[in-house]
C-alpha cells in the first residue's frame, strides 16, 4: 500500500527541521524586540498599545495561551485512543503556528523593515494558531503530522491575508474573531475534510468514541476554554472600557449558553439524559457567537440572548446536522467544529452586522461587517479546498482507514490497559485450564 | 416507583429554560455596564474600586473563576462513577448561579435603579456560587439536576440576604468569607443532607469510592484550589496593602496546613499510610480558616498557626467525625464538606473574633464578628432545612438509592472500560472454550 | 528486614510536625509583612521593586505557583502506579520548601533583623522549591517521604548559599535560573541518586513505565510548564523592558524547541514514531536553556537557536545517555532530569557566558558567569553527595526494591482497576466453569 507509507522516520523530521530552520532565518532577518519607540500600525490597536507599559497585556496573553495549549489540546482528548495526538499534535501545530503567525501577521506592519515583537503581537500570533486548531478538529484522527504541518503553514498564511483585508481594508469590527478565526477555521477545516473524504469510514470506526476517563480529560479542555474566553474576546479591545464590556458580554453569554445547551441536550437525548459531546462543546458556542460584537454596546441581556441562541443551535447541530453532513455531503467532521465554531461563528458575524446597523459600535458600517463575513467564508472555503488537495497528495504518510483515530500509528503507546487485561484474562484462562 | 421518575426529558429542559429566560428578562430590566461614573455603595469596597482602572481586578477574577469551575468541579471527581456529574453539574450550577448571584447581590446596591456590572461584582457573583458548590458536595450523588437548580436559586438568594446583613448592617469583617461562604455553604448543605437522609445508604454504596485515576482527577481540583486560594481571600480587600497581607497570610496558612494534614493523615491511618481523601481536602482547610482574618494584621506566624490547626481538625474530622454524623445524626456528607468548609469556617469565624478583639483590624468590633458568625450559621441551618424540604418533594427526579453515585442515570455514559473488559474476558473464555 | 521498616506511622508525623513547628517559631521571630518602607537589598531587584505597587508581580507569582504545584506535580504522574506520590509528595515538599526557602533566602537580606515578606520574596521562595522538585524527579519512586523532607531542608539551605554567592558576590546574571536552579537541582539530584544506587533495579522494574492515561496526566504538567515558562524566566527581571525581552525570548525558544524535540524523537524511534517521554520533557528544554540569558539582548532568533539546540540535546540524552548513566555510572535517573534540567541548564550557563562576552548584558562579566556555573555545579555535586549519604541512613523508611515505583507502600490506594478486572475475569472463569 504505497499511498499509505505511514512511517514518519524521515518525512516528518525533515519537514519539521526544515520548517524550523527557515523560520529561524526569517526571524533573524525580520524580528526584533519592540522597544516602544516604533510608529508602526497595528491593525487592531490603532497604536493605543504603544504607549502603554510593555507588560500590561501579559495576563491576558497567558489566558489566551492556556486556551490554545490546554483548552484546544485537551478538548480533543475525548477519543478513547487518540489522546496523545490530540494534546501532542496540538502542541506541535500551535508551537510552529505561533512562529509562522508572528511572521505572516508581522509583514503587514513592518517598522523600518522589522517586525517589532511585543505582547500584543504574541496574542495575535496565538490567535492565528486557533484557526489551525479548529480545522484540526475537523480532520482529527485522519491525518498525519506532516499533512497537518502543511495545513498549518497554508491556513495561517491565508488567515493573515483575510485578517488584513477585514481589519485594514474593510475596517470591520471583529474583536473576538467570530468571523476571522471561528467561522474561517471551521469552514477551512470542513473544506479540507470534504476533499479528504474517506468512504471507508462511512459506517463509523471502532475507535471513534470515548471512554469514561477520556471524556473527563476533554472536560479539562472545555472548562479552561470556557473560563478564559472573556480574555480571548477582550484581549485586543481598544480601550479599557471596551475591554470591560467585552469581558462582561462574554462572561454572560457563556453563562446563558450553558443553560440552553444543557436543556436542549436533555431534550433531544434518549430518556432526557445529558450527552457529553454537547456539554463539552455546545457550552462554548456562546463565546464564539458573542465574539464579533463583544466590545459593542449590546447591553448584558443582548449578550445573554446571543449565548442562549448559540447553545441551542450548537446542540441541535451536533444531534441532527453532523450526521447529515457526513452521510449526504461527505463531510466527516470528527469534533463537530461546524457546530462549535462554524454556525456560532456565522451567528456572531450576523449579530455583528445587526449590532453595527443598530449603531452599537461607533463608526461601524453594517455593509463592511457583511463583507468581512463573506470574505472570511470565501477565503476559508477556497483556501481549505486547495489546502485539502495538497494534503491529499499520496506521500504525506496519511493513515489507512483501519488505523484512523489510533495514536499507535504515529506514537509509541504503552501496552494498553485493556489489551493488557484481556491478555491477562487469556493467561489466567490458560493457566486455569492447565491446572484443571 | 412514581416518586423516582428520573427521566429528565421534560422536567429538566423546562426548568432550565424557564429559569434562564426569566434571568435574561431581569437582566434586560436591571443590568447595565459599569461606566465608572456611578455613586453606588459596594458593600465591601466602600467605593474604593470605583476610581480604579476597570480591568484592575481581572487577574484576581480569573483566579477565582478557575477555583469555581476547575477547582470545585474536579475536586468532586474522586468518585469512580460520578465524574461527569461532578464537573458537569458543577458547571451548570455555577453558570446559572453567577447570573442569579449578580442579580441578588446587585439589588442591594442599585444605582438609579440599575445594577452596574463590573469585575468587582463578577468576583462577588462567582463567590456566591461557591456556597452552592460547597452544599453540592454534601449531597453529591444523591440529587437530580432539577433539585440542584432549585437549591441554587434558594441558597444564593438567602446568601445574599445574610451577606448584606453581615457586611452592611453588622459591618463585620469577612474578607475571605470563612463565615458567609464556607460555614454558610457547609451547614446549608448539611441541613439539606439531613432532610434528604437516605436510610438505604446507611451501609454505604458500591459506587461511593474512588478508583486510581479518579483520585488523580480530583487532585487537579485540589491543587488549583490550593494555588489560587490567596486570590480568593484577597480579591475584594480594600487596599493594595491589605490585599498583600491577605495573599501572604493565605499562602502561609495553606503551606502550614499541608504539613499538619499529611502528618495527621499518616498518624491515624493503617500502617501510617496517607489517605487521599485527607490530602485532597484537609490541605485546603488552611485557606478556609484564615479567610475572615486574612486581611488583618495577624502576622505571618499567626496565619501559619491557624492553618496548622485547621489541617489537624479537618483530617481528624474526616477520620472520626464524618462516620458519626452519618450513623448517629443521619447526615450523609458525601464529600465531607463539614471537615473542609464547616469546622474550618467556624474556626475562621472564631479566629476573626479573637483577632478583632486583639485590635488586629482597625475599627472592628468583636461582638459584630460573633453576630456575623451566628447569623451565617442561623441562615444556613434554617435556609438549608427549608430548602431540603422543597427538594424532597417527590417529583424532581431524584435517583433511587441503588442508582446513587452513578452518572448513568442522568448522562449518556460510554460503555464502561471495566464492564467492557469483563465482557471481553467472557468472550475470550467462550471462544477458548469453543476452540477447546 | 529492619533496614526497610517502611511503616511511616510515627516517623513521618513526628518529622513533619516537628519541622512545621520549628518553622512557625522561626517565622514568629523573623517574618513580618513588607510595609514598602524597608531599605533592604533584594539580591535580584536592586530595590527596584520596593517602590512599586505591592501586588504588581502577583500575576507572575501565580504563573510560577502553577508551574511548581501543577507543572512539576503532574509532569511526574507518568508512572503507572506512582501518581499519588508524584502530585501528592510534590505538594508536600513544595509547601514545606517555600516556607523554608523564605527563611533561608530571607536571612541574607534582613531589614532591622526582620524578613519582610512580599510577592517578590514569595516568587523566590517558590523558585527555591523548584530545585527540590527537580531532584525529586531523579529519585522518584525510590525514596520515602521522610527522606524527601530531609532532602528538602538540605537542598534549599545549600541553594540559598549558592544563590547568594552567585547573585551578590559574583554579581552574575541568571534571571531564569538555568544555573542556580536547573543545573543545580539536576546535579544535586543525580548525586543523591548515585549515592542511593540500587543494584536491584539494574534490570528495570515492572512499575517503571506508563499507561495510556498516566501519560495524559503527565501532559497536563508538561503543558502548564511550557505555557508559563515565560513567567518563570521573566518574573524577577529588573525592568519592564527586560521583562518583556525575557518573555519574548522564552516564548520563542520554547516554540523552536518543540519542533526540534518532535523531529529528533521521530528520527531516533522505531518506525519514526513519537515517544511520549521526549514530548513530555524535551519540549521544555528550551525554557531551561534560555534562562540565563533570557533578559539579555540576544535577539529573537538567538533565543530560537538556543531552544532548537536544547530540544535536540535533550531528546538525544533521553534516548542514548540515560541508559548509559544507569548502566555504567550507577545513576538511576527516574525522570531523566539530566536531560531536561541538567544538560540544558549547563547549555544555558554557557550561552550566558557567550552572551555576556558578546556584550549582550550591560555590565556583565563573562568570567563571573563562568564562576557562577562552576559554583552551582560544585555546590550541587558536593551538597547532593552529602545529602545522599544522610538520606542513606537505614531508618528513614525507604522502600525495598520490589516496592519501588508503587504508591501503595505509603498511600491507601483504591482497589486497582486492573487487579479488580483480573479478579473479575478469574471469577467469571470460575463461574463459567462451574456452570459448564
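First chain written, first letter: the chains are A, B and C, and each begins at residue 1.
The definition used in the following text is that a contact is a pair of C-beta atoms (placed from the backbone, for glycine too) under 8 Å apart; a residue touches a chain by one contact, two chains touch by 3 or more.
Chain-to-protein mapping (UniProt): A, B, C = Ammonium transporter Rh type A.
Just so you know, these numbers come straight off a predicted model, no measurement behind them.
J.: Which neighbours does chain A have in common with chain B?
T.: C
J.: At the interface of chain A with chain C, does the proportion of residue numbers present on both copies reach over half, so same, or stay under half, so different?
T.: different
J.: Roughly how far is chain A from chain C, centre to centre by C-alpha average, rounded to an integer in Å?
T.: 32
J.: Among all residues of chain A, which ones touch two or more of the remaining chains?
T.: Residue numbers touching two or more other chains: 59, 213, 220, 417, 421, 425, 429.
J.: Going by the contact rule set out above, which residues of chain C touch chain B in the complex?
T.: It is residues 7-13, 16-17, 19-21, 23-25, 27-28, 31-36, 53-55, 58-59, 62, 65-66, 69-70, 73-74, 77, 81, 83-84, 87-88, 91-92, 95-96, 98-99, 117-119, 122, 145, 213, 217, 220, 410-417, 420-421, 424-425, 428-429, 432, 436 of chain C that touch chain B.
J.: Can you list the residues on chain C that touch chain A in the complex?
T.: Going by the criterion above, the answer is residues 59, 63, 80, 209-213, 215-216, 219-220, 223-224, 226-228, 231, 240-241, 243-245, 247-248, 251-252, 254-256, 258-260, 262-264, 266-267, 269-276, 279, 283, 297, 299-301, 304-305, 308, 417-418, 421-422, 425-426, 429-430, 433.
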